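Worksheet: one structure, shown below.
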Amino acid sequence: MAPLTQTKTGRATVEPRAFSWTWLGVAPFFLFVAAFLIWPTLSIIAQSFLDQDRRLTLRNILELGRPFIVSSYVYSLQLSAVTAIGGGILGGLLAYAITIGGLPRPLRDAVLSFSGVASNFAGVPLAFAFIATLGQLGVVTQWLRSVGISLYPAFSLYSFWGLSIVYIYFQIPLMVLIMAPAFEGMRREWREAAESLGATSWHYWRYIGLPILLPSILGTMVLLFGNAFGAHATAFQLTGGGSQGNVVTILIGAQISSDALANPGLGNALALGMIIIMGVCIGLYTWLQRLSARWLRS
Amino acid sequence: MAFLELVNVRKSFGASVAVENFNLAVERGEFVSFLGPSGCGKTTTLRMVAGFEKPTAGRIVIDGVDVTDTPPNRRNIGMVFQSYALFPNMTVADNIGFGLKIARRPADEIRARVEELLRIIHMSEFGRRYPYQLSGGQQQRVALARALAIQPKLLLLDEPLSALDAKIRASLRQEIREIQRQLGITTIYVTHDQEEAMALSDRIVVMSRGRIEQIGTPFEVYNFPATRFVASFVGTLNLLQATVVDAAIGLVSVEGQSIRVARPLTQHRSGDAVSLALRPELIALDGQINSEVNRLSGTVEDVTFLGSIVRVRVRLSANKLHFDLFNNPQLRPPQPGSLITVQFAPEACLVLGEDASPAHPMSASAAQAA
Amino acid sequence: MLKRFWPWFWFTVGAMYFLVPLYATFDFSLRARRGELSFAAYANVLNDIKFVESFWFSFQTALATIVISALVIVPTAYWVQLRLPRLRPVIEFFTLLPFVVPAVVLVFSLARTYSRTPLTDSREGLWVLLIGSYVILSFPYMYRAVDTGLRSINIHDLTEAAQSLGAGWFTILARVIFPNVYTALLSGAFITFAIVMGEFTIAALLAQPAFGPYMNRLASSRVYEPSALAIISFALTWAAIAAIQWIGQGAQARVAGPR
């Protein structure tokens, strides 16, 4: 054990000559992160700039311009945007309803617990829940048919909009989980102060409520966007994992088991593209969070 | 007719009654405090005046208009909250100008008014700051300016200083009073701090358990408390167990020592158990010449040096008694363990019954006058 | 009450979105026998030896993940709070990275980087990669839970008290710090458990016989059993979350008690 001395503040501290040992305490964490996250990721990023003979090249990056890869990125981006906005709006309204909407307290607790579960709902269970609901033999499909509306063949669960509906199932609860505390942070006194100054409900939301919440709402939607963009299991289950005309994550997944693109470097570039997009999402999210945290500090 | 009137106001939440039988008339320009412990209904009453709570029964009239059913945004009332409640997304200037902007006043007028108010609160340099860049005291001054900007009929302050530290509290208290006098605005001030209420108010409404205990000037409330609650809540008080010896001439006994009270005890009969209430500052060491005084003897138990005053605790046999001496470096304070005799005038004695019966004929009349 | 119309409306919409698919799945899972409602699909699932095997495999994997994650995170979070507070943002950044590097990219990178090493050539090696990835995925939850837990106790005083009684670092961690962040650790552990049990992407792409890929395979060969499986897996997650809340309430009561 390192020798201890007393500083002026009375805290026992390690003497300077033993300083380097202090860093040893966090070494296991950094070793682990380096081995299983940083090193592999960096090496993929680096390799996307190398050809098969390990020479520097931009060919892999340029090959991202292949039509089916571009369309795959566009598909993923559209899917993420639609489900982030759709899930964000529905989840935001639900979060509003259970917090400051004035619904009974037990409902709030129930929705929050449920959201904790449902936000982790993905892959087979989620896909099958919707096959049983909106598939050809689904409960809702049959019910609609009985009232004279036939979803099929116009609709398919495996189409863009079908996938969107399924994704929104885990987007809503994520939005609820993050936004409920934000709504609860809206102080009653703000509304009362506004009212006593003559403001109507519309004034309050227009000038105070929405502006305060907007960074949180946008930030959370950005997070939802990334959440959908990185999702793999649900899309794989619903679309079967073919490499053509599909979300980016499935394209990357297909590169592991078989080199479907006949170019290992291209797989790396695909991953790089995802990392960049996700990095932008997290950066934007962090910035927006800081914006609202700054206001609410005092 | 008074400027603000609350008539038989009552508020209950489900089965529990928050405010009951509340009657108050406030004159134009008056500064009235609601004083009481937390949960006494003072804030609820204030919120009913503001319109955030609807009375279960009774009427609220402002400037001759019954506003009982008027929503808060049409009452034209300025409100200041304990937690400042500044809009965090707006600058100081936007906060102050918010009410005028809602009322669609011209931009020039808003700017001029905001500047004027910033001057009044001595914060002209701070217009472009955001609330999070201000200290608590500054935030509360902005909140005050925001409430005043709309030239409200009434200014309501809900424990505005209790989140601030002691020094700022004292200076801001002074500032609030000055601004209020300057503008002549009718003000209701809710607080649990009796010193604050006394320093600020024209009149104090002392409340307990949803009821008014006493309404009076600070002088009346402190010197002639109408009830046992008021006597013990406002200021420090010695309460001694006593027995009435002769009600007609105002003679009671504390542990066998006779005490003369200034007035006959009309409320009590001889032999009644009562409490004798004495303010510490009205008790002195024995030895001064006055012969018509009461005396009590006991043992000094503890001496606490508080700076300008020295507080002495004296034990009789069953009762304890505090009294204050002014600090005097030339005099040695009493020593613990020594025997001591203190004296006080019959006029200093308040006799309190077991319940909330009036202690003093004069205070009863004071309550009626108010 | 018309005033509460919109909150109720949105609550109803949300509840429908949440509950109708669950109801439909449950309804579907009961129809394995033509013309009657039965739990036959559940019986089929539970009697399938592959179900038991994959479930057991994922269960073991989850436990290993939790243990390793705890062993890495608790000393790290403790040490950062005690001695290296400046490092906190750095650690937080690294625990956020799993959001930037989605599971599919993570497993892709691992498979590429460690290809043609013992890690990818053997079954055991792949299992190590699997657990390694899961530990990385668990960091955001575990670190946040433990960090909050540590903040609620005074680790400086506890450490000095233990040191003054002659305890070494191992004793301090094992006998003082771990027991005090136990509840925080458990809540992180249950989230990790729920995630690992249902995880598909990494397990499938590393060709591991885990529960997620099993569900996927079953889904392509059977009709009603996958619905039963979905209900089972949902109930499992629910149980884990309920355990977190139950423990959380216990912890609150414990903190609030002695004050």
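All chains are identified by letter, namely A, B and C, in their written order; residue positions are counted from 1 within each chain.
In this text, a contact is a pair of C-beta atoms (placed from the backbone, for glycine too) under 8 Å apart; a residue touches a chain by one contact, two chains touch by 3 or more.
These numbers were taken from a predicted model, which means no experiment stands behind them.
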Connected chain clusters in the absence of chain A: B | C
| item | value |
| --- | --- |
| Most distant chain from chain C by Cα centroid | B |
| Mean-CA-position distance for chain C and chain B (Å) | 56 |
| CA centroid of chain A to CA centroid of chain C, Å | 17 |
| Sites on chain B touched by chain A in the complex | 50-52, 71-79, 81, 83, 85-90, 98-99, 101-103, 130-132, 134, 136, 139, 143, 146-147, 149-150, 156 |
| Chain B-facing residues of chain A, complex | 187, 189-190, 192-200, 203, 207-208, 211-212, 294-298 |
| Contact set on chain C toward chain A in their complex | 4, 6-11, 13-15, 17-18, 20-25, 27-29, 71-73, 75-76, 79-80, 83-84, 87, 91, 94, 96-114, 129, 132-133, 135-136, 139, 156, 160, 163, 168-169, 194-195, 198-201, 204-205, 207, 212, 215-216, 218-219, 226-227, 229-231, 233-234, 237-238, 241-242, 244-245 |
| Residue numbers on chain A that touch chain C, as the complex places them | 1, 4, 11-12, 14, 22-23, 25-26, 28-30, 32-33, 35-41, 43-44, 47, 90-91, 93-94, 96-98, 101-103, 107, 111, 113-114, 116-118, 120-130, 132-133, 138-140, 168-169, 172-173, 176, 223, 226, 229-233, 236-237, 249, 252-253, 255-257, 264, 267-268, 271, 274-275, 278-279, 281-282 |
